[in-house]
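Each structure below is given as structure tokens.
Here come two complexes built around chain A, the first alongside chain B, the second alongside chain C.
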Partner chain A sequence: MSAVPDTIPLQQRLAARGVDGLTLLVLPAVLFLLALFVYPFLYGLVLSFNPKSGGALANYTKFFSDSFLYGTIATTLWLALPVTFLTLLFAVPIAFRVRLLQHQRLLTTLLVIPITLGTVLVAQGLLNYLGPQGWFNRTLLTLGLISTPIKLLHNYWGVVISLVITGFPFTFLLTLSYLSGIDPALERAAATLGAGPWQRFKTIMFPLLLPGLAITFCLSFVQAFSVFPSAVLLGAPAGPTRVISIAAYQAAFEEYDYSMASAVAMIMGVVQLGIVVLILSARGLLYRGPAGGGKG
Partner chain B sequence: MTIHAANFHELRLDRLSRDFGTHNALKDVSLTIKKGEFIALLGPSGCGKSTTLNLIAGLLPATGGGIWLDDKRIDPLRPEERGFGMVFQNYALFPHMNVRRNIGFGLKMRGLPKAEIDKRVDEAAALVRLQSQVDKLPGQLSGGQQQRVAIARAIVVEPPLVLMDEPLSNLDAKLRLEMRAEIRRIHNTLGATTIYVTHDQEEALSLADRIVVMRDGEVRQVGVPEDLFSRPDHLDVAEFMGFRNVVVGRVTSVDGGVAQVSVGSASVTGRVRSAVAAGAACHVAIRPEDLNPSTEGGLKATIISTEFRGREFVGFARMQDGTDLSFLAHTKLEPGTSVTLGADPERVLVFGGGAA
Partner chain C sequence: MVADTRLSTKLWAAANWAVIGFFLLNLLAMIATVVTSSFASRWLGTWFPAGWTIRWYSAAWAEFQLDEVLSVTFQIVFLVVLLSGLIGVPAAYALARREFPGKRLVMLLFLLPLLVPPITFGIPLATVLYRLGLAGQMSGVVLANLVPTVPFVILVMIPFIEQIDTKIEAAARVFGANTFKLFVHVLLPLLMPGILASLLLVLVRTIAMFELTFLTAGPTSQTLVVALYYAVFAAGVRAVQSIDAMAVVYMVTTLIWLVIALRFVNPTQIVGRGGRR
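Let's look at the complex of A and B:
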């Protein structure tokens, strides 16, 4: 009996835990992440506690005592949250419709084009389209619906519109993929049991889609929260759309205070993280199992 | 028992058709189903049986014909307005609802008071023997239990018609036998009317009052199981009913319902099932269990192999024209030896047509 060694070779024990030669393939990604994310983040974090003058917390004290600075948090949230809700509000019904279409590919491609255009091009287009002399106002004026052009540029609404347009494709695609993951037999089963379209949505599809929507919300929100180009191009960067990334930009490239800029970036990260954690913990309360109706 | 089936006389499919683009999935299917019947739609995959079921349920629109429940035309109605219970092949249980809410879903949609829903869910759960599982999620149940939930959910609303789409195909062999008996028991207890889609002829034969055999989107034959089993009208139906040996021959004489057929150098006698004339080509169909080695002449073939099946041997042999035969033997036969296979003329069927 004692002839059998009572230790299992290290290699075998590691393999049992999923560590083997193949694990080395993860190294490039880890290096990449360290170099491009972890290092800059830690560098910024340390930098933010080494202000140009004052103690370690001077940057943070400055930020939270100047309404011109801390106000940007509310301004950004006031943009990012409604924009995220709006994109979801558009994406869900459109995804429900597109899911049933025969030429789904074509429509999906059309809806996704804004992603490839980039924020700046969309902003440029909107400047022409929504301007006082743009098609939008001219059409409304010609139809006699308005007597003076509606101001949709260089204010809150300009930024909202552009963010919804650029954010929509991503939100839509994610929603569509979550929706396609729900077994279509469930909806048919609900129909044979007497549930009309609204009841099917309310009791079957929406609850099963909700965990996916929470993830979609987080990702879309993070995108909208870091808004910079459209806030500058289409908004009023000195006032109502002075978002937090503008504050960071000004600290870094107008005042050349990298330490302060890093502090702003850290605060930005904490706010984003706060919202995401809030949404994800709410998601934890939902049913998150498979969205299939039984054995395949 | 307060759960019972809703009242109606008959469901009528009137020249029902369905096209998918250019493909004709269902062609002019007419069928009348009486209250209380257990009907099996039987056929190979792609024969239109599931399409028929989906048309009745309202999950697919028909492209021709109509569906009538007594004198009410129901094919323009949406599925939620028809009120038929349906059991899906993959069960389609709502994964985020526990068993109680799954079973009660249809009752809730009908706006019943909660006390009534609870009472009827309890009864339905008892009927499918799942009383102790009502608080579990579907994902925590075994396949057989999930299937019971699906059945309970469909019948608890007391539908005039219960539609089942290959409900046992995802279960293992033992469970399938159990659930088969269960389904028939529930059907009898409720006095329900059931339309059951399957590709398994044994399932159809053992469950149904009447079997509808379908092929290529058309109804081939409708009849009680005993009739279909011993007197199929079509070669297709015969093959589906276990007449696995089909040989091509030429009719030498017809006398009443009995035909003499020459197959190669041999002569076979059988019952005529579809129009044949002396001198014309025909098909002869025989079940493997009715074909045995014989000393009185019959089909000549060479043994390929034999398999031991406990009480007897199943033999495989090839005729000179290349047709394969399977038969039953009481002794093991050596591959390569010749054999003469004969069958009781009562159990040999002759169908007109074919080229010989």
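Let's look at the complex of A and C:
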């Protein structure tokens, strides 16, 4: 930077690069997040390498040698991946249907309710609704579809259903907002040129939507992967739905081994990051360009 | 688009509506079960309860000390809303108006707490707050809840601020307003709808935020949703109707604010976690 003459005051040189009093307004927020988001993460990372006993890697070797601990990764993936694919598979065609509606507001409002109420309330609701004497089993029995109540609680399915109830609206609303960002003129042009609905979907709309779907997949997956209350309340937290967040919680608040808990949290973060990076790097291969309307 | 009248298209549309109908039916039936149960005097093995009563509400009120839980909830939520507005809005203004070196890094810092799920960063965060002696009381819960809400306010506010004409600010500057005066007299009134919308969303999200509060709260700093979790977790100790009554109190508390929030925002904005470019 020797080209900058000393005669220009520092304040002006900074202002020329966009740093002045106004820019400093960002500082409180930055400092806050450095202190309460970045620092705890680094603290947890360091803590995870300082186990209660043993060498630096003791927590990680313990995690990956105890099937009760490393098994939680597979358990959680086995819940999160099918749910994410399923909700996405349903969300895309329904979003295509709903986008043509004049009055979407009522539907979107209804769908935002389970997200707003959250997993704890959904768990309590499902405990009532899906129980052997609940309305769901009662209706199926009356219709003659089943002869004995089906067991949907305190097992794998209870957690899947709860994840779908909060996950589907989330996936759907995100997909819908990406879909509304695509200029309808593009599809109309394809129709004018004689493309049928399936052709329009396959060659025009789907490729344009795919980058948005990749993001939707990541967000939905990360949410499903961090399932906690419903896995405890609706699942079998000692067995088939012992997800990774339960392992982390138990290490921290039942064994008071914060070092091990941090290690589990780090592993959880790495798995999530791994899947997200995988999806986003695949997204990099997709079409990226204007899909909106307007000039320029 | 030309209306498509082929049978296959109609069947496909019907199938789509059937799926969404089935989903909504079950969702509403699930909520209706909770509400019905909370008013049921006795409900065992029948379609509908044997009789109706409101005594579970007074029972739940006393058993779960709901007056205290509600007052704690609203104190925490109020502080979170106020502080995330005070920290977030100025930061959003700086980010909307200035290009500076390292801005992309700062944006990444604000995106991450919204993308990383609360339970993942909540455990190291709770560890730090316990070491500092802040967890287990209200200040710790407020601090933990601010981690996702501050970035949320920032990301919601940036587009709101960007659409305000910079000439208005320039005019105020010409007439001698400093940054503080500019904020109070010019920007705040113009930004009110955006601030209101983002803070209402923060309010709804904080009432419903389970994980961070659960990890950092002590016995005297439980919010409604955490108290509900413990009640459901220890189900069997208390009558299910009593827990359902509490669940209804929680639902009403959340949905009132949701209805108010929806007057100012689009439902899709509630799921928008800043993941969009």
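What we mean here is this: the second predicted complex is superposed on the first by the 269 of 296 C-alpha atoms of A that agree within 3 Å, B and C clash if a C-alpha of one lies under 4 Å from a C-alpha of the other, contacts with A are read in each partner's own complex, and residues count from 1 in each chain.
Heads up, the rule we're going with is that contacts are C-beta pairs under 8 Å (C-beta built on N, C-alpha and C of every residue); 3 or more make two chains touch, one makes a residue touch a chain.
From a predicted model like this one, the values you see are computed outputs, not experimental measurements.
A.B. asks: In the superposed arrangement, does A:I8 touch chain B (first), chain C (second), both or neither?
C.D. replies: Neither: A:I8 stays clear of chain B and chain C.
A.B. asks: Going by the contact rule set out at the top, does A:S226 touch chain B (first), chain C (second), both, or neither?
C.D. replies: After superposing on A, A:S226 lies in contact with chain C but is clear of chain B.
A.B. asks: Go through the superposed model and pick first if A:A282 touches only chain B, second if only chain C, both, or neither.
C.D. replies: Neither partner.
A.B. asks: A:A74 in the overlay: touching chain B, chain C, both, or neither? Say first, second, both or neither.
C.D. replies: It touches nothing on chain B or chain C.
A.B. asks: Should A:D183 be classified as contacting the first partner (chain B), the second (chain C), both, or neither?
C.D. replies: first
A.B. asks: Name the contact category of A:Y258: first (chain B only), second (chain C only), both, or neither.
C.D. replies: second
A.B. asks: Residues of chain A touched by chain B versus by chain C: which partner has the larger set?
C.D. replies: Residues of chain A touched, chain B against chain C: more for C.
A.B. asks: Which partner does A:P93 contact after superposing on A: first (chain B), second (chain C), both, neither?
C.D. replies: A:P93 sits against chain C, while chain B stays out of touch.
A.B. asks: A:A191 contacts which: chain B (first), chain C (second), both, neither?
C.D. replies: Both partners, chain B and chain C.
A.B. asks: First (chain B), second (chain C), both or neither: which does A:I113 touch?
C.D. replies: Touch status of A:I113: second partner only.
A.B. asks: Would you tell me the residues on chain A in contact with chain B in one complex that are also in contact with chain C in the other?
C.D. replies: 188, 191
A.B. asks: Help me check something: in the complex, which residues belonging to chain C touch chain A?
C.D. replies: On the chain C side, the touching residues are 1-2, 4, 9, 12-13, 16-17, 19-20, 23-24, 26-31, 33-34, 37, 44-45, 47, 87-88, 90-91, 93-95, 97-101, 103, 106, 109-110, 112-113, 115-121, 123-128, 130, 143-144, 146-147, 150-151, 154, 179, 204, 208-211, 214, 225, 228-229, 232-233, 235, 240, 243-244, 247, 250-251, 254-255, 258, 262, 266-268, 270-273, 275-276.
A.B. asks: Any idea which chain A residues touch chain B in the complex?
C.D. replies: 183, 185-186, 188-196, 199, 203-204, 207-208, 287, 289-296
A.B. asks: If you look only at chain B, which of its residues touch chain A in the complex?
C.D. replies: Those in contact with chain A are residues 57-59, 78-80, 82-86, 88, 90-96, 105-106, 109-110, 137-139, 143, 146, 150, 153-154, 157, 163, 170.
A.B. asks: For chain A, which residues count as touching chain C in their complex?
C.D. replies: Counting only chain A, the residues touching chain C are 17-26, 28-30, 32-34, 36-41, 43-44, 47, 90, 93-94, 97-98, 105, 107-129, 133-136, 138, 165, 168-170, 173-174, 176-178, 187-188, 191, 197, 212, 215, 218-219, 222-223, 225-226, 228-229, 232-233, 245, 248-249, 252, 258, 261-262, 264-265, 268-269, 272.
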